[in-house]
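Two complexes follow with chain A in common, the first pairing it with chain B and the second with chain C.
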Partner chain A sequence: MTELMRYLRGAYRIAWKDVVGDLRRRATLSSMIFFAVSVLVVFQMAFEPTRQEALRLLPGLLWITVLFTSLVGLGRVFQAEEEDGALEGLLLSPMPRGVLFLGKWWGNLLLTLLVELCLVPLMLVLFNVDAWMRLHLVFGVLLLGTLGLTALGVLLAAMTQTARSRETLLALLLLPLVAPLLVAGVQATGAVLGSHGPDATPWVRLLLVFDGVYLVMAPWAFGWLVEE
Partner chain B sequence: MLARWGKIEIWLGAVTLILLGAGLWLAMTAPADFQQGYSVRILYVHVPSAKMALLSYLFLTGCSIVVLWKKSETADVLAQASVSVGAAFSVVTLASGAIWGKPMWGVWWAWDARLTSMLVLLIIYVGLMGLRSALDPGKAAKATAVMAIIGAVDLPIIHYSVTMWRTLHQPASFSKTAGISIAGPLLIPLVVMAVAFICLGAYMVLVKARAIEYERRIEALELAEEMGHEEMHHG
Partner chain C sequence: MALLKLRGVVHRFGRQVVLRGVDLTVESGSCVALFGGNGTGKSTLLSVLSTRLRPRSGRYQLSGFDALSDGESARGKLIFVGHHTHLYGHLNPIENLRFFLDLRGVSRSEDRLHEALEAVGLARFAQRPAGGFSAGMRKRLALARTILAPPALLLLDEPHSALDRQGAEWLNGMLGAYIEQGGAVVMASHDVARLAPLTYRVAWLYGGKLWENPPDGTQKVEATTA
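Up next, the complex of A and B:
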């Protein structure tokens, strides 16, 4: 039990270092938020949806924005570790690789959730969609999707960290793999908002399956990737 | 190591050629389908290549597990080869499907479950190629193996989710529950073509693997030569 607490505290320390460091440097979080806002602006200019259309398109737009915005964040997950052999230092800490993964994942998860917290109300305002009473349900679906998205994303970020043109590569690898997440997330959000049919249950179940698979697999795979 | 398989390669090539010839002849003389007319002949290429696109991924997954488990260089070469071969088969599947879809459905493309899954499979193959070429050779083997295994776990979820999403494709003919629903004269060429494509896939993997092995050996030699030159300058 104490061992488990020690591991959890270690993971928490890594996440804390990442999140607080990022907030102080105002690096990732602000660029993610402004990237998300510019996606919304571009979308409005390209489609000019009416209020009816906006309600129908909102789930898809929300998830596309989240997906692209998370790519911005994921490109920088291991940036701090690249300098001055910081990754070696991290790997030398007396923690299993899975715990290191957990810490990096929590940090990215928290940043992504913060962006979503700003994004959803902003979308409802900008596109005149009256769904304030269902906001908590939308956030519930988003949380489920973000768990799996960031777990897989941090893993792929570790994989492409030393690659040439890694940001493009990250997108190329991540987008097909999160297809189930996108489909399930959009359908569930649509069901919650009442624009995509009535029942969110099968889609929420699919989100849970995806989360379960990657929460089990990602720490294991991370161990293989960073092993010297 | 793979160079020793040269004899197998030649025999496999010959068998593939004979089977492909026989299969194509059977396919071209097969009677027209009651509903689909002569367009059904496209399926003699389409169905076997779809099976091969998936079979290549299965083989790739096996090789990737061996790479992680035994750190085998041969398995890594075979994995790299099967990515290219699998990608080729998925392109053939998508192209022949589009050609078949135009007269049958009236459109080149429909976003149904199996087409979408095949397209995603192709993107995963391309991603694997990109990952390998973007990493140092020392890291590429392990990273692509992990990525291939992630894809292997993800593919069933992708297929399940897009099936839930929508389905409009004709039901699979080789379904366990429905029994085989193709008449004999149309089935025989399909079986011959399927066997021919399995041989073709194996042959392509062997040829590609040999080419990759030569490529790696040349790179190693060039590297050694460069190091030698540097030493001469220093000495």
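Up next, the complex of A and C:
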């Protein structure tokens, strides 16, 4: 087995463990979906926007829902590692710290993407927005934004996991740091839906830059963070 | 050549100096039992040996690697079973073992995993989530890892705790065979009586220093000397 294959297999196994654990415990994924659906239903019932208003509000609403839903998941990303010194077990493995981060990130990314897969079609139906032909573009933008959001989120979750009010602290740290990425995500989504200007390219480029920065910085910082 | 060489290791927590220049040499195919009262630094020393704790100063070589600068390579040579067994409660024993092996880059067949479970007496629990296991069963499962991927160095913190008499006998048998095959063990223990069947070198931690028997002092400590 080459070194790279060994690393990828290790990261895959960590992600598999997190996703399987979550599906068996019915914990994080169900909470995330429940939260996302609640936000959409309440918003729809409170404002009853027209189709035109909905098209204008949809990008912002989508990203706010994604952000807060991912906070629900990120708060529990190291939950499995709390039992029986499992985090120490991970750190005692002969894997580079970056690979451990990669595994944790993949697990959280997959759960968040699963929620988004349910969220977007539900949104279009609830708000009666006819954007089915541009659905793949919306998912493309969402994927780009989610890569950076979850990478930064998993790093901050590792940083705050031993804090007493970790979920509050996680939100306090994540929200300002992720704000530029959210703005780019909202603008790019608006552009592909045709509600926020004609061109998504500059915003997509900005998303790519943020993804690059977060994905390079987070594995390195994770290694530094978990060393005693 | 010694498998493990620790030289002048110093570690402190805040102002409290726990290790004050510890030297330790361990050869392959040998066992060192660390004794000492509570708070003398046995677990700290094991944490340093496992590479989880970086000492303030000193040198540590394991299997030819500088374990302080190349922890990743050193960790590939050791297994540490401490007070925690590092198991995931939502995974069954087979899945837990597979997870451990994948992180070490070791491949074993399903049959081999079942054989290891058989060896530790957990074969009939292979499909049950480890979360429902007793402390003794968890320890057995943690030790099954050493059967599947025998390390050069096995670090154990209170290995006999949580094991019943039968379990302790099984553990001593397993450790005896492992040492005979060239493995090295460093363990912290209070339980001299349960170590009796093993041949080991004694090292006492006292005042932050390690006090060893003479170099030729590999000896059997009788339970009555505790």
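Basically, the second predicted complex is superposed on the first by the 225 of 228 C-alpha atoms of A that agree within 3 Å, B and C clash if a C-alpha of one lies under 4 Å from a C-alpha of the other, contacts with A are read in each partner's own complex, and residues count from 1 in each chain.
Everything that follows uses one rule, which is that contacts are C-beta pairs under 8 Å (C-beta built on N, C-alpha and C of every residue); 3 or more make two chains touch, one makes a residue touch a chain.
This one's a predicted model, so the numbers in the text were calculated from it and none came from an experiment.
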item	value
Clash-or-fit label for the pair chain B, chain C on chain A	fit
Touched partner set for A:93, first chain B, second chain C, both or neither	second
First, second, both or neither for A:134, with chain B first and chain C second	neither
Once both complexes are placed on the shared chain, angle at chain A toward chain B and chain C, C-alpha, multiple of 10 degrees	90
Partner chain in contact with A:210 - chain B first, chain C second, else both or neither	first
Contacts of A:56 with chain B and chain C, given as first, second, both or neither	neither
First (chain B), second (chain C), both or neither touched by A:83	second
Touching partner for A:164 - first (chain B), second (chain C), both, neither	first
Partner chain(s) touched by A:176 [first = chain B, second = chain C, both, neither]	first
Per-pair minimum CA distance [chain C against chain B, superposed on A] in Å	9
Doubly contacted residues of chain A, that is, touched by chain B and again by chain C	227
Of all residues in chain A, those that touch chain C in their complex	1, 6, 9-10, 12-14, 17, 20-21, 24-25, 80, 83-86, 88-96, 227-228
Interfacial residue positions of chain A with respect to chain B in the complex	152, 155-156, 159-160, 162-166, 169, 172-173, 175-177, 179-180, 183-184, 187, 202-203, 206, 209-210, 213, 217, 221, 224-225, 227
Contact set on chain B toward chain A in their complex	68, 120, 123-124, 126-127, 130-131, 134-136, 139, 142-143, 145-147, 149-151, 153-154, 157-158, 160-162, 164-165
Of all residues in chain C, those that touch chain A in their complex	50-54, 72-73, 75-76, 80, 82-91, 95, 98-100, 102-105, 107, 129, 131, 138
